[in-house]
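The structure follows.
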Amino acid sequence: MLEKTRETKVLRDVIHGYIHVDLQIIWELIDSKEFQRLRRIRQLGGDFQVYHNAEHSRFSHSLGVYEIVRRMVHEVHDLQMKLTEREKVVVMIAALLHDVGHLPFSHAFEHICPIPHERFSYDIIVGNSDVNRILCSYDEELVLEVASVIRYQHKNPILNQIVSGQLDADRMDYLLRDAYFTGTSYGAFDLERILRTIRVKDDKLVVKESGIHSVENYIMARYHMYWQVYYHPVCRSYEIVLSSLFKRMRYLYENGDPMVEELQMFVPFLGDHPSICDHFDLDENAAFYGIARLTKSDDEVIADLARRLLNRRLFEYETIMNDDEYKQMEARVRLAGYDPNYYCYMDTMSQSPYSPYAKESGSNIWVLTESGEVAELSQRSVIVKSLVEGDVKKESKVYFPDLGETYGKDCGC
Amino acid sequence: MLEKTRETKVLRDVIHGYIHVDLQIIWELIDSKEFQRLRRIRQLGGDFQVYHNAEHSRFSHSLGVYEIVRRMVHEVHDLQMKLTEREKVVVMIAALLHDVGHLPFSHAFEHICPIPHERFSYDIIVGNSDVNRILCSYDEELVLEVASVIRYQHKNPILNQIVSGQLDADRMDYLLRDAYFTGTSYGAFDLERILRTIRVKDDKLVVKESGIHSVENYIMARYHMYWQVYYHPVCRSYEIVLSSLFKRMRYLYENGDPMVEELQMFVPFLGDHPSICDHFDLDENAAFYGIARLTKSDDEVIADLARRLLNRRLFEYETIMNDDEYKQMEARVRLAGYDPNYYCYMDTMSQSPYSPYAKESGSNIWVLTESGEVAELSQRSVIVKSLVEGDVKKESKVYFPDLGETYGKDCGC
Amino acid sequence: MLEKTRETKVLRDVIHGYIHVDLQIIWELIDSKEFQRLRRIRQLGGDFQVYHNAEHSRFSHSLGVYEIVRRMVHEVHDLQMKLTEREKVVVMIAALLHDVGHLPFSHAFEHICPIPHERFSYDIIVGNSDVNRILCSYDEELVLEVASVIRYQHKNPILNQIVSGQLDADRMDYLLRDAYFTGTSYGAFDLERILRTIRVKDDKLVVKESGIHSVENYIMARYHMYWQVYYHPVCRSYEIVLSSLFKRMRYLYENGDPMVEELQMFVPFLGDHPSICDHFDLDENAAFYGIARLTKSDDEVIADLARRLLNRRLFEYETIMNDDEYKQMEARVRLAGYDPNYYCYMDTMSQSPYSPYAKESGSNIWVLTESGEVAELSQRSVIVKSLVEGDVKKESKVYFPDLGETYGKDCGC
Amino acid sequence: MLEKTRETKVLRDVIHGYIHVDLQIIWELIDSKEFQRLRRIRQLGGDFQVYHNAEHSRFSHSLGVYEIVRRMVHEVHDLQMKLTEREKVVVMIAALLHDVGHLPFSHAFEHICPIPHERFSYDIIVGNSDVNRILCSYDEELVLEVASVIRYQHKNPILNQIVSGQLDADRMDYLLRDAYFTGTSYGAFDLERILRTIRVKDDKLVVKESGIHSVENYIMARYHMYWQVYYHPVCRSYEIVLSSLFKRMRYLYENGDPMVEELQMFVPFLGDHPSICDHFDLDENAAFYGIARLTKSDDEVIADLARRLLNRRLFEYETIMNDDEYKQMEARVRLAGYDPNYYCYMDTMSQSPYSPYAKESGSNIWVLTESGEVAELSQRSVIVKSLVEGDVKKESKVYFPDLGETYGKDCGC
């Protein structure tokens, strides 16, 4: 598994300049059909409906996460010294494969299939896949070791933190990449500086105190990306229309709708046990083709929702202060002839820039002070302390169709 | 048709910073379902298989062409003065819609359907479409006027040149955009400078002599993009596998293959008269879904070709000097059990940086000399003269499958 | 004064792309010798000793401030409507000239000459200068009107706020420019977005609520630039050595040192009434030439300090917690044979990201809420509220020479 | 001399991201006063009068050349293998120091002092300098070895080619850096790609054939930088006024002008044997201070020329076709009361994109063909062949003062 490629192979990348590959096993995994499938899943789901350049795939993001981890294990002196050569390969592979289990538009799709993508990633790594065959061809024990990092259960906690902590390679790549493709300067932070200040102390990834400004900057970048991109009301609107469509699809499926039953890409997920073959087949092309088919359904609700997604006639939205305002809108929606179950949705968003001591593992960022102690970030950063102790930003909106519009515009294709 | 939006609307764009829209008609056309469909057609077809960031769509390119034209008619003094307000709107609309007729992977698809995309663009503009309805709602005569620009037949030749000349908004946007997303610095040229030096003289778009360096740079950018991106052998390999698949699809269709007959997205194009509804339905999602279905075909050739495309197991290539070398490869391919008709292809690429006096209309770039005369570019640029008089770069390659490989790797999904 | 140039003139600029000039008066002012002198004053004083690319001058910054104001008065709808054409020209000129009174290394130089640069700017505008002659050649009343904006006393308060408020063109340009040339991503914020959300309400420049994220980002950018660049300890060290040198120069001058008396560039400022001719002559070349001369002084203190500046042998520094630690260092410095008066300095830095309700005029940023009211920023931004209510970051350091070093290294040139 | 710094030190740089230093000797050389002096010499002389951001110094350029060489000897596999550790250090030091002998505005200054900067670099390295002391403190033989690379005489020809060939680190850095700071996109080429395709073959630095496009691009970049920046007529105008001033200075000096005799920074260079101490003292601050003093000279010619430089009232220019046109202008200049000796200059510029087989050593770029042979670039590149065989661009201009202007505008400071 330490076998080198003949020469270092490089893939140009707009974020990292080049992705460098000099291990044969990495090169083969990139070529595996499960990894190639990630080219067919967009990183930001429907957000390209707002930010038209945000058309980038999970394929390029996954390469980016791998590249950050590759640099970490080669350039961060503590990691270079404290990880074994095997651990370095394991964590690079885990970084590459951490998103291999993604389905299209992850969150909305949970209305159909509640299995989390991490579970599919695990199943692909340990199951009957190209990926699995490649890993086994080098070392059968790699399989469970890689899978354990993805589950945050590797016995060396450093590996888990590299792939999924508060300051992990996954977030670092997606913030930079999503910022770049949405054209928001907000997500930019100083990756070079952070890499230069990372240390390992007491089984923790920590940041030297002199790098604290870069971390403050990273936290603000994250916060702004949430409000400017991930929670953008038009992005949310797309997601909500999609959720309504899947909700209706489940309803129709359970009521034996013949057209839904023909949608071979979705049916296995409406049932109990989708296989990794079913998973492989459900890329964005299949999903959108299915949705395009639904524009011709006899069920008016699902046909309308499908047309909304395809032709970008999403829901309108209003900020609301309380439940009553939502109820009023629900009544208006019903009065206009729409079923509020699918056409009226209250969405509450809240995001703190950084929440130490939350329950999830790895929710803290640790600082290595000049005197050599480890402290939680908000104890050392005046700015972060203010943010942690201040209020949490929260907003509620109600989403609903344009109540004046008519849909006669279609040519009926 | 000159009605303004309430305030200027902007769409962030990585190339132009912002796309500015302040005409209601433009805003509505962007929202039309035929224009929204362009989100589902990649600008560079399969090139993202080489340049993994090149996932951008014709939607963003079309907005970019519109934006360049919008700037031309507002910022280039001669255009501002010499075009009527109506002509300005017409040419902006034509810029926006010039690619609306594109099908997925244009060139390869010609094996199935030889109708050029300009023809579909025309049909959509004049036919039963959202786009047509919007145009008519403002002014019925707009329809034919916009369509005439797209056909290079508008009575004001300046409009035609703006959209499709040697130095047109279309090329300027795609060079910049494709360069950006492929990460090659080659495609960068100085758009600002070119816009500042454009003039109108004797019904020609010309460039002031002081802008000649920018034009030299643009020509070199174009030349390098051809060899580095558009003619990249792996991009070509993808295109060739795709062409073989479509060639086989036509063969199977003509022989009554039942699976091909079920592929509703392709069938209308295999027949005689695809409608604009058929065109609307055939986006990349549909095409790739169809190809994914073909991986399960009983026909081994098409199933193999489909798997190659999906899982990126493209053809190998070698540079060849003559037909004999091609014949030798053909024999080897046949010996290995492959039908050379689908598995062996000779590809000859040639590209001159700039060819004045070629037969196509608008093939020259004109320079306005300091003394006020109009001269063809190569008469005024020492560099361009050298390039025009020098040899034309030409390369032949043969494409073929890896003759040592086996396909047992698949899990059979 | 509204006379146009024959065609819009442009100056390429790394921050704004182009600086656009289409008024003859602006073009002449740029060509004035007082404005050209700004090419010889670096924007960041000695910071290029830390950030080696930060060699940019006040000339390019001043053009940048002008360009932002030019865009504001043309692109911000409220300003376009509510300012008269005359006011637009006045504020653009004031933006261009606001820094014309700068001397080299402003703050340190106050040890020699306590006159603030705004005073010199005023004197140049109203005095016997090229700038004054140009203004008068258009309209004599322009002189006092431009000067009043620079003094924050124009009768239209909007003009004052545009040039020097909390969200003024001056800060916006220097943050972007300094960030660019220091290579820190911290200073980047979204100028386009801010320009798009600026409104005028009740004689105040305000920002629409939808632009609040850009303003949060701008405030964080400012905060980070302070700590990463302006307060960088090596930048501070340079400033402190420079202050010591000027302090010693005053001492020597008052004691009749003959060499100092020969330094024609400094002498007028050591006396009582430097003229604007004296001001004109004291650019960075003159100042550094004077400092270079001092390396050959018989006074060992000033000769050593001058060599330190020239050859970058600045002071060391340590973080200290209290006055006692400073006293201890002072004793060590004295013991090593240095006069602590020049060789030991306690420096306390503190910076709040944003302080509404501070005493200075214009210290608030105002937000226009969706309901049309004007609120102070921290009332509408959860983040800013946290920062305002949180602690203020404060750090003390002591600066001193390397107590182990010797200065025999010089070749004695 | 192979001693490492405690940890890799980095200096942010806008071109290379970071300059990396991990050898103690490099760190000390950067800190030497002769190298620090390069902060006080602009890279592009007076070009910042045209491109106002082009204020960068030879200090940052020299760091950039060092960084490219550092990457070459570490990342180019052939160099990594074929150079000894000692040679790697030698060539990195030579790269760092290659410009240490520069005086301000090199070419114009030759009217005063014809000694080339390479000679001063040599003298500084072998003479009584900080630089020499640092080298000797590690290894006395380093001195002549480093000096030999700078003179293109090192016994290993590869080292000479790395620092000064046709595709050397010096040119690669200055093209990128000058392009960046002038804001012209022309100078951008793909450094990464070139570094990846460099090989060593038969004692030559060569480029793999697959990198030929990057080299074509680099040649065009170079060509465009010449015409757009280095030969820009306003940059030339500045240089010509400067040359006239130095010519007049020599005349006055030879005629015993008392003010010139007082200009201590220039006098040693007007005489016979300027020392390296004289060289050290003549930085741009001293030179410009001297020029500012000359504005007050009794000699009207030199006073006028000095004011022109300081206040940017440069010469006008016209394109001319032959000597007669020059003679006519000379007559007009004389008639207007100017001495044509200082006020009329004919300037002929010519630049071929690439000239193989020119007489200078190292004038070719070599390509390593796929079959392993070495060929001269124009034999393998269709584009370069065309350029080499085409005409050479040549332009003549005459420079002269605005014959209508008067100089009464000065306030007489």
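As written, the chains take the letters A, B, C and D, and residue 1 is the first residue of each chain.
Everything below uses one rule, namely that contacts are C-beta pairs under 8 Å (C-beta built on N, C-alpha and C of every residue); 3 or more make two chains touch, one makes a residue touch a chain.
Given the structure is predicted, the values throughout are model-derived calculations rather than measurements.
Q: Of all the other chains, whose mean CA position lies farthest from chain B?
A: C
Q: Quick one: report the Å distance separating chain B from chain D, using the average Cα coordinate of each chain.
A: About 43 Å, centre to centre.
Q: Based only on mean CA positions, could you tell me how far chain C sits from chain D in angstrom?
A: Whole-Å distance between the two chain centres: 31.
Q: Send over the residues of chain C in touch with two or more other chains.
A: 184
Q: So what shape is it, when you link every pair of chains that touch: line, ring, star, complete or other?
A: complete
Q: Of all residues in chain A, which touch chain B in the complex?
A: Checking each residue of chain A against chain B gives 11-14, 31, 33, 36, 39-40, 48-49, 51-53, 55-57, 59-60, 63, 128-130, 133, 180-184, 265, 276-277, 280-281, 283-289, 292, 310-312, 409-413.
Q: Under the stated contact criterion, what part of chain A meets chain C in this complex?
A: Residue list for chain A touching chain C: 184-186, 188-190, 213, 216-217, 220, 223-224, 227-228, 353, 382-383, 385-387, 389-393.
Q: Taking the complex as given, what residues does chain C use to touch chain B?
A: 7, 10, 17-18, 77, 192, 196
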